[in-house]
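I am attaching a structure below and will ask some questions about it afterwards.
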């Protein structure tokens, strides 16, 4: 299989197909316009510069087009860059599907749906089960495609479902060890906690925040959705309130976006499971890019820490 | 008109009817039980001790009963106390209505309803007007009776409606001065911002938080109510989202209970109007209890500050 | 009337007179010096680059000179820039007055002075009135010309007086609604609260902080000025102390520059009025630069928030 | 089996043996001395007052003596109290062993030692295994007897070992789910992270901090112990440093007592496992004392939150 | 010489003269009034209770009266208390002077004045010297008598002058070691930094804050005084501004009461000298009350820390 | 003596030898690589650009080589830059020793060693003296060569020893003024407090953090070293614990890297001495680069403040 763009070393020459993620125009010191292109495939993204561009170039080299490029991998101020030798826009008929250039979860949609469905099946409280199934079905397509965030963690196609699947397995292990936990509340909380992101975010490609996402946020959106679902299903009972609370409080604190802190056992544990899975994901991604004996870049969402990769394993 | 309990000076003897607000049992150092009673009328509350109580006393002297008391006003560790000489429970047939002992807003329910209705009438945006009218009607009875809080500010019968009326007048003045403000958004925001308190709080007497209030809070409750109201009224449009945002963000910051900060002009101003009216209410109440040249007690909700009452006015 | 520089769209060609606000020298990658010029008229400012400059150019293109320029409006990394075709320094005899290029308050000095004078006239406490009138007269010229800040809010010619006029009107409305407020203290506080800025800042053009401004700040400066004014006018009384306190505490907290928090009713309200007017000014300016459905730039002094301009108004 | 002291309801009469945990002398308002005794058995502790005590009483009723008491369970200001009818000091020959009155872990020392030993046995890295086994053996007696803290969580006999056993099982589950984690580092970190408490704390009964505990803390103590152990065992290698770091950073932040934040994957995860197990323990203990539909007391170490026990389970 | 009240051990009987520092009335559980008296001599203060007091007693046992008492020293909840056997108010003719019961600085006023005068004499900058001498003379009487604070540090008669003398010696040592420091600025800053306390505080006995102290604070008061002094002495020059800045910034940060942080070398150093001397004073006082191997009470102004007194010195 | 690089004014031409501190490769807008060189001599460092470099150039112009350069001093965006005319790598045989280009302490190693030795000699407590002498000897070479930090303060060759010498003299002065301080503890604390930096840092040239430095920090390293030294010297006694505590707590707070705050008198004072000397060093260096009437750059480690250099001294 062909090497992906981030698998090349500095100094190597490449000739590959890449997707334009974004294009920004600048003026060089000689007064001529140039483009800064972010190019990507499934291994990640790389920056390149296209000098002395014409009006037509500016109209062609835009986001979501696929290009064939030849050039050299260089190190510029500690970051990898592509120094272009040749670049050409592929015509639609000759280009592969955009999805082939996007990073995605290591499991297929079908696998993830099956796993989640199995967990729903295991739930015993009919009220919690019905609400969970109803909302999962209502947003199933987006749930399986959306990333879990625009950056930080699980920021790839199907990242949301993948995050939920990992959390469900962690929830199961923890519920096995601590018998006072209500397994159904935990499972329902895990599945719904971030489901509001399918309204908060714009979609799996070039993900941004929607106006609703910016002004209300996925937490408030989903708390409202649970209330409507219960009305729709004519479910009355304290479970509805507790489930709303678990979703409401899963960021843990006011300054992190939860208007109430966890006040129910399963809410506190969901907050921990969410963090633990997100942090493992961020650490694994950062550490996969460095060698033993090196430090990762600082990771903003990990309190701006840099992590060390020990040498003694190698 | 008869003097109210807090209008007596230290050293004066009193003979009055009072409502028991709360009763707590203790054991004196001689081993005998006693009761600490909080007694109140419309001027506020005063503590007293009932020594050497019997089992029957404990069953009789409970919250929401009305008593006839005689005694002396004393100063105990800087706080006013009533030293009992005589006390007797009034029988239901001889006691006035409980409401006569409760502090309440300076306007009647009818006056406040009329004022609020007038503001709704002045709104021009039909979507905002219909949602506001719908929710006001749905919760009208409680809106006119509930306090605005269990303590801190407007913690009296009809405090919620009174707070809203003051804020509406302030909103009108501010909208007159700053023409970029959308008057309808401000009015709708003022009327609905705390309406969730009719679900968050238990009612106008011996007010506590409901479970829903503790686990979701009045902000999330009302954001959901607006969404349901719009569905019910088949209103679609950005106004609904903006109105939800204004309610959602009116505490200003995550650590104060708003999952999103104000991101729309009227949301920011509503936050200011709410604070300004609440703080005036707290300062006025604290300062009304001291003389010129004195300081108030520290007021927790005013960053624990003590306020000075200047002498030069007198 | 001719279009102002910020009224042109990207892509348009312009030919206008502009004032040089600042000029900074750089070295291009070809080793030759260039100048980065900030050019302004009353609509705001725009950046341009002047390449390959000579020693003479560097001496000519300096702050406060007026230039005639021709060029194109471009978008560079999300910011508007002017790409020069021609530029020429105007000789003093052919250039308009510098003041024609400066942004200024929407009211004239005369209008503002009349309004402020009217408020002083309405004051009833002779001590407060005399101190206010004395200090206003002492610094009248600067009061009418200075900006209210170097950036953030009311950072234009006569911004200080304009801020005071808006606040006076707001103070009047609030005093009408809350009868416990001392109207004279509020008016005196509003007029004097920022008057120390005429010593703290360098003046209306290219405004910077003076050494006195940096080392003492406008608050401490004005507290001292009130004390001297009272001595001068032989005024003795608690009003002097209270007025000093109101000025001293108007930033609200130690970390915002007030050595004491507001401890008098009018001090707390002045703090609110000041904030409310400043924030309206900042929001209005930021929102005036975007279209419905868009977000403003992040505004540092509004806790780095970005504001949304709703579409439903349009 | 006989009921324990905290299993009685308010209003019931009791006749039981209890251990004096502490005794404090006071002067009643009649001028006579009295004792406030904290009495305990394995269910927890209860306060009682002994009035009008003689010099001899004061010398007899001291910590660690066992008493036979008769009295009534009462509610005093919301807290359970014992109102004494009779009390008598048991002579050594008639009293049960002190250990019968102390709360302890639900597993025996032997069970816990076997579990921990099994985890050490499963470690594959010989350096980590040898250091862990060496330190565990050096402090084995105290490790199996000490509480994990003086208050907050696992504050009972053998609490330290019990906390470690729970964490080891959690670590195993998590390592099963996230294959990038080094299982040996996690196990060694779990076993050693709090082992310094055997020097920091005074012992299993009437636990206080030692001077070394106060001035250095268990983290710095154990980091030094690992260094000495490695010297002693002539182990050289990066594992030693990484293991020291994991212990050093397990409180997560400087303000929580770790001079360095976690900078290695397993250090971050250990911090989470430690927190999760401690919080489950605190929530379970607090919730076990309330009924469905009630709230727990505020728990200081859980950010002073109160937890709700849902009714729908019952 | 007779033992002072705090030099007695628990269990000893005493018969001494003491000054009443404060008297507060309470109601005992038998319904009778009692007084809580704080009694003091130069060694410190002790609490006692006077039971069953009459109206006349309440009028006699008031602050600043001197009493002859006999009783026993007792330990009540970890605090020393005096259990009264006899108490009698001394008549003015038989009582010693109040000053004999007040704690005071270890140097006489004359010694301190001489030392400060010597430092002023050594100053070389005539402007700084004249302002310092002028203000010192203006407030000399109070400067030599006032405490440096109502609590925390140097809270005894002449504490202000004593604090200044210690700081001057420290300033001299530091200026000897770091030649870039301007010795005159340091000396002037030390002498004037807290001089505003003679207006902020009520005086050396039963010290409280004045209204001016509460609303303006000693820092703003003294900054204004320096300005007036310079006007009076017709001194113009940057020294005046720098000296004002040094006083203004000596608390170091906004949240500690300085509207500007130190921005001049000597201002930063003055802040350190002030802290170092205050902290030594607090630590010495707290540690003087405990034995080797013990911890002090928590000291609020030392971030609520408790200090340990090592045993190895003994 | 020849002028050093930072002693030239903008506009002057220079011809000097300089040490390359670092070299970073970039790509110019013409597509050709260039190098950004940081060049230094004992007066400090200056940036320059080397355009259009070849592969060979990139291999030659690397850190720790010495170059002969000719060029002009320029001001680029407010920073001094060197515009190259000529540059040439010196061959080892023709180049001076690297040490001649490094900034170093104003005292020689011999002078500093003699001073420190004298202080050790004056210690009277044999345990503290022996531990101090032992550790000083163990790390003597590095102690005399290492900087005290990679940046902020004393970041030059022998900065660590120079910082210790200054602090010792300050400690002596303070111990002379406050007789309750244990002089030996202070001296031992000063000498050892930062000695762990010889393990935390990589050395005197191009100083970086070692892995041990990053993961443990100099404080934990030295606390462990003291423990081992005491074992080695068979010293038992509370002094060892107290000395460890003094080193452990010298950063003052958890968030500044000390797991325990100072809890012993000398620990608190050491923290102050350390800060005072570090801040004097930072202020002196920053102020030495500006003229009277100017402000320094913002200094990050001085809370990002800018300092003013008064004019009245000149």
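Letters A, B, C, D, E and F mark the chains as written, and numbering starts fresh at 1 in each.
Methods note: a contact is a pair of C-beta atoms (placed from the backbone, for glycine too) under 8 Å apart; a residue touches a chain by one contact, two chains touch by 3 or more.
Per UniProt, the chains are A, B, C, D, E, F = 3'-5' exoribonuclease YhaM.
Quantities reported herein were computed from a predicted structural model and do not represent experimental measurements.
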For this session: Enumerate, in label order, the chains that touch chain A and chain B alike.
Result: C, D
Seminar exercise, completed: Relative to chain C, largest Cα-centroid distance belongs to chain D
Problem set entry | Same or different residue numbers at the chain A/chain D copy interface, by half rule | same
Problem set entry | Counterpart interface for E-F, drawn from B-C, D-E or A-B and sharing over half of its contact pairs | B-C
Seminar exercise, completed: The chain whose C-alpha centroid lies farthest from that of chain A is chain E
Problem set entry | Distance from the mean Cα position of chain F to that of chain C, given in whole angstrom | 43
Exercise. For chain B, what residues touch not just one other chain but two or more?
Worked result: 29-30, 211, 214-215, 238, 242, 263-264, 308
Exercise. Which chain pairs here would you call touching?
Worked result: A-B, A-C, A-D, A-F, B-C, B-D, B-E, C-E, C-F, D-E, D-F, E-F
Problem set entry | chain A-touching residues of chain D, taken from the complex the two chains share | 166, 169-170, 173-174, 176-178, 180, 182, 237-239, 242, 261-265, 268-269, 272, 275-276, 279-280, 283-284, 287, 302-303, 305-308, 310-313
Seminar exercise, completed: Contacts from chain D onto chain B in the complex sit at residues 28-30, 34, 51, 74-77, 81, 83, 293, 295, 308
Exercise. What residues of chain F sit close enough to touch chain D in their complex?
Worked result: 211-212, 214-217, 219-220, 223-224, 227-228, 231, 238, 241-242, 244-245, 248, 253-260, 263-264
Exercise. In the complex formed with chain E, which residues of chain D make contact?
Worked result: 24-27, 29-31, 211, 214-215
